[in-house]
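The structure is given below, and queries will be raised subsequently.
Chains: A, B, C and D, in written order; residue numbering restarts at 1 for each.
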């Protein structure tokens, strides 16, 4: 268990969440892998995927009885990006043209797998939110938590069809949004976005330059007209 | 089961509204029915509602200001602005200067069949070439006709209203529409 | 007959039908009734497959996805300013309120804060969109259970609020007005006064609704005791907004988790109702609409002067990190979980919409109710299709 | 009674038949335009149809033409013969109602001695048509609507008849003309200036009659068979074009007929205070008076319709059997006692 302290440069101390973190790391024990705290904002806990159900149950008994949402993150970098010309960064002025650096780490609380599951819970009495994360292993299977939070039912179905995560013990893991014959998992990063693939980006067109062999000639023409006009453009 | 007051109150509300719609005038004129005045609806083809000045109806292009910088086209979330241009030589600004290279706009199309009316293009334009106007009557029977070229977009320029003054306490400066 | 005994009876019927068939001696078999996807009560394209025993629902299973637009995926290929265009269209009746949590989450990652004037105007527009949104609910609930007139009143008076929103933002439905670091523009002259008068009219509208529906015995007979959701069930399904508060849970993100908007500057209260039935949900929303007009009135008088935009770079790059931020939208808790990798656009956006959770309770709450009650419950849960399907 | 015109039997019959045929489209037109189009619009701060003809008066004719142009669709699974017959049955019931409605001393198609009985009987034929429509459409919504309609119309037929019983006892006749006469010649505490409209002595019966009529006409708050937002139109969900038009006309034609019945039985019908009951001039003025009274009653019917939400089916049945019928019975008993005592 590695318990990370808040970044040193952030001098703000969030006592409420610190206390919560201490309490939860005690009750979670071995199951807590890593944690991250943004003072006065949120608390992230990463738990072992084997004890996913138990961790949620622990959190619920610690007062986190309001179910926010359940979803997943695919940490792979999308091959096509935004389907735009990658050199363009939306800027006009020169000084803005620093290349975009893409951070390849896996977010708060770290992670060791491509897919991560996250659940957001609230404790109404303590007025505090909590985000629990877990890695989804190669077999893409994890225990369902719909018995603990009934609302997770649909969220798990959605995560299943969008990311292809299987929830062990979920009785109706049918697609929620997609037609039954749909193939693929749309929210995975390698799933292509057809609407952007079929149409070229209009921003890729650039202004037509003056052909070099004509440049001198055109310049002369313009200057001649300028002088004939008496210097007024 | 039903007790009278709630039910009768409800009847009162509808009757009152009917009265207000049919007899909106005050004083002795109350007796003259004037539903045209009392109704809140606008009889569209006969009378037209004036949208607020800031309403995002259609985008107007002030062509003289456009430098074909492509910024609007690139920041459009729908990829619905098509710009083509070429560079030309222009006379210098001052006596004795060198000839400048400027962008000449060949094509500026906005496909209103795709446009989501978000206004990002108008906002990013650094040269005040794009403006919103509240005009809304430009529907077409054919979807292809919704592609407005630069002449059509230029015609909308006449309908651009002046920018509004701000409430006291604002530090914004009122911009001017180039005419 | 008192409302309480009616309620008890309904609870009895519900428990009966949930466990056993009603027609024991005359097993007529179930009939499947598809409510939707094109049905006036589903205002949009929600489909509810009901197994009926006579007119009593045995199983109700919502089937959706008819309007799924994949906004989470689309946001991944867009820059942050471009995303707000999409986000407007999630809950299309209270669009401005949708933008706020997204922008606030991005601001949190960038560690910028909008100037106070921008925060106040944000709050005003937020509450205005709440009034516009809930006003339509107040009327629409009437039409769901057969009263024609309230919905016209709602459209009539909501239009005034939308006009006020349009006068500031330029868009009736899709304002796209919120920017990272502040707002697109300031409010025009004369707007404050106009909005005050509109708020007066909206309060009159609320009074009319009170007379027309809340006080109406038929309305009460239809709504009281129908679709009762106990607080612990509401919590475990993640119900939010008025649906949660109508179950007696005193939880409002505006008060309990204010992300820096001006709600703590004014005097208002959170309304709850202990019953948890359809009537309670209507009543709470009615009170909330009134409360929102009061919040707007107070905020309008105290807008601080100053700039409306913080210093942000011209090209917005959000530093790497994760943030979840939610606000109390008209429909309930709407939140955005943004994962950023330091790019121009978000790496992943999870949109937590209120209607999705609110509707997920339908199979639970609709066991054993009559077909007309299906409509009442759907109406009182109040969902927007774009908000479910995203 | 003297006759207005001494015409051969066949000519008289011809005129009456023509009038009766014309009356359903005309009356439904009047009601739809005045109440559905205009009054509802005003109650909702709107203008209503305004473009077709002066003040939109020709709107309904335009609508009718539109309906006639529409394709006549039968659902594939429908029982075609029953499906086609249903609107005709409903309309026939309305049509038959008009036979006994008096508009003057002689202005009546057929002055039946059992007029009230006949009116109640033919008005319930429409249930049959609605049930036929609901069943034959092969649509679950239509079926639910049809069955609801059957249950509801039968439940409300009873209070309707029982409410009328009070009037019949007081007037001592089943003849509608006789009821008008009884009201015209009646006295209130010795004052006969305005006769004795039964609304005064039979107010409870009037209320019950109006509530039951509201249910018979499937108007809100008793419109579950139609219930746009749950059953999407109920029994007539599958009907298009002129078949739907027939249902539509029948709905408003029946509303007119029930308003007429109410005004005959409770408001004194065509009689004008100060005239003799069999004054010939009443054949000319009577219809006008009747129309005024009918519109007044129709106004209340539609006012309620545009204001209230609808009840649930079980609540409606409960209301009929537990409230209306006992009240109507009490009314009969009270009327009987008063009749015997005074």
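In this section, a residue touches a chain if its C-beta (ideal position, glycine included) is under 8 Å from a C-beta of that chain, and two chains touch if they have at least 3 such contacts.
These numbers were taken from a predicted model, which means no experiment stands behind them.
Separation of chain A from chain B in touch steps, taking the shortest path, is 1.
Centrality by C-alpha centroid: the chain sitting nearest the overall protein C-alpha mean is C. One inter-chain figure worth recording: chain A and chain D are separated by 65 Å, centre to centre, where each centre is the mean of the chain's CA atoms.
In whole angstrom, the spacing between the mean C-alpha positions of chain B and chain C is 28. The mean-CA centres of chain A and chain C are about 25 angstrom from one another, to the nearest whole unit. Separating the CA-averaged centres of chain C and chain D is a span of 43 Å. Residues of chain B found to touch two or more other chains are 1, 7, 10, 13-14, 17, 40, 75. Chain D has residues 43-46, 306-308 in contact with two or more other chains. Multi-chain contact residues of chain C, defined as those touching 2 or more other chains: 78-79, 149, 153, 156, 212-213, 216, 218, 221. Taken as a graph of touching chains, this assembly fits none of the simple shapes: it is neither a line, a ring, a star nor a complete graph.
Of all residues in chain C, only 64-65, 68, 70, 72-74, 76-79, 108, 232-233, 235-239, 249, 251, 256-257, 313-315, 317, 320-324, 326, 333, 335, 337, 339, 341-345, 348, 350, 352, 356-357, 360-361, 364, 389 touch chain A in the complex they form.
By the touch rule above, chain B contacts chain C in their complex via residues 1-3, 5-7, 9-10, 12-14, 17, 40, 51-56, 75, 77, 116-120, 123, 132, 164-172. Of all residues in chain B, those touching chain D in their complex are 1, 7, 10-11, 13-15, 17-18, 20-22, 35-36, 38-41, 43. On the chain A side of its complex with chain B, the touching residues are 84, 88, 90, 92, 199, 201-203, 205-210, 215, 218-219, 221-223, 225-226, 229, 231, 233. Within the complex formed with chain D, the chain C residues making contact are 31, 33, 39-41, 55, 142-149, 152-153, 156, 212-213, 216, 218-219, 221-222, 370-375.
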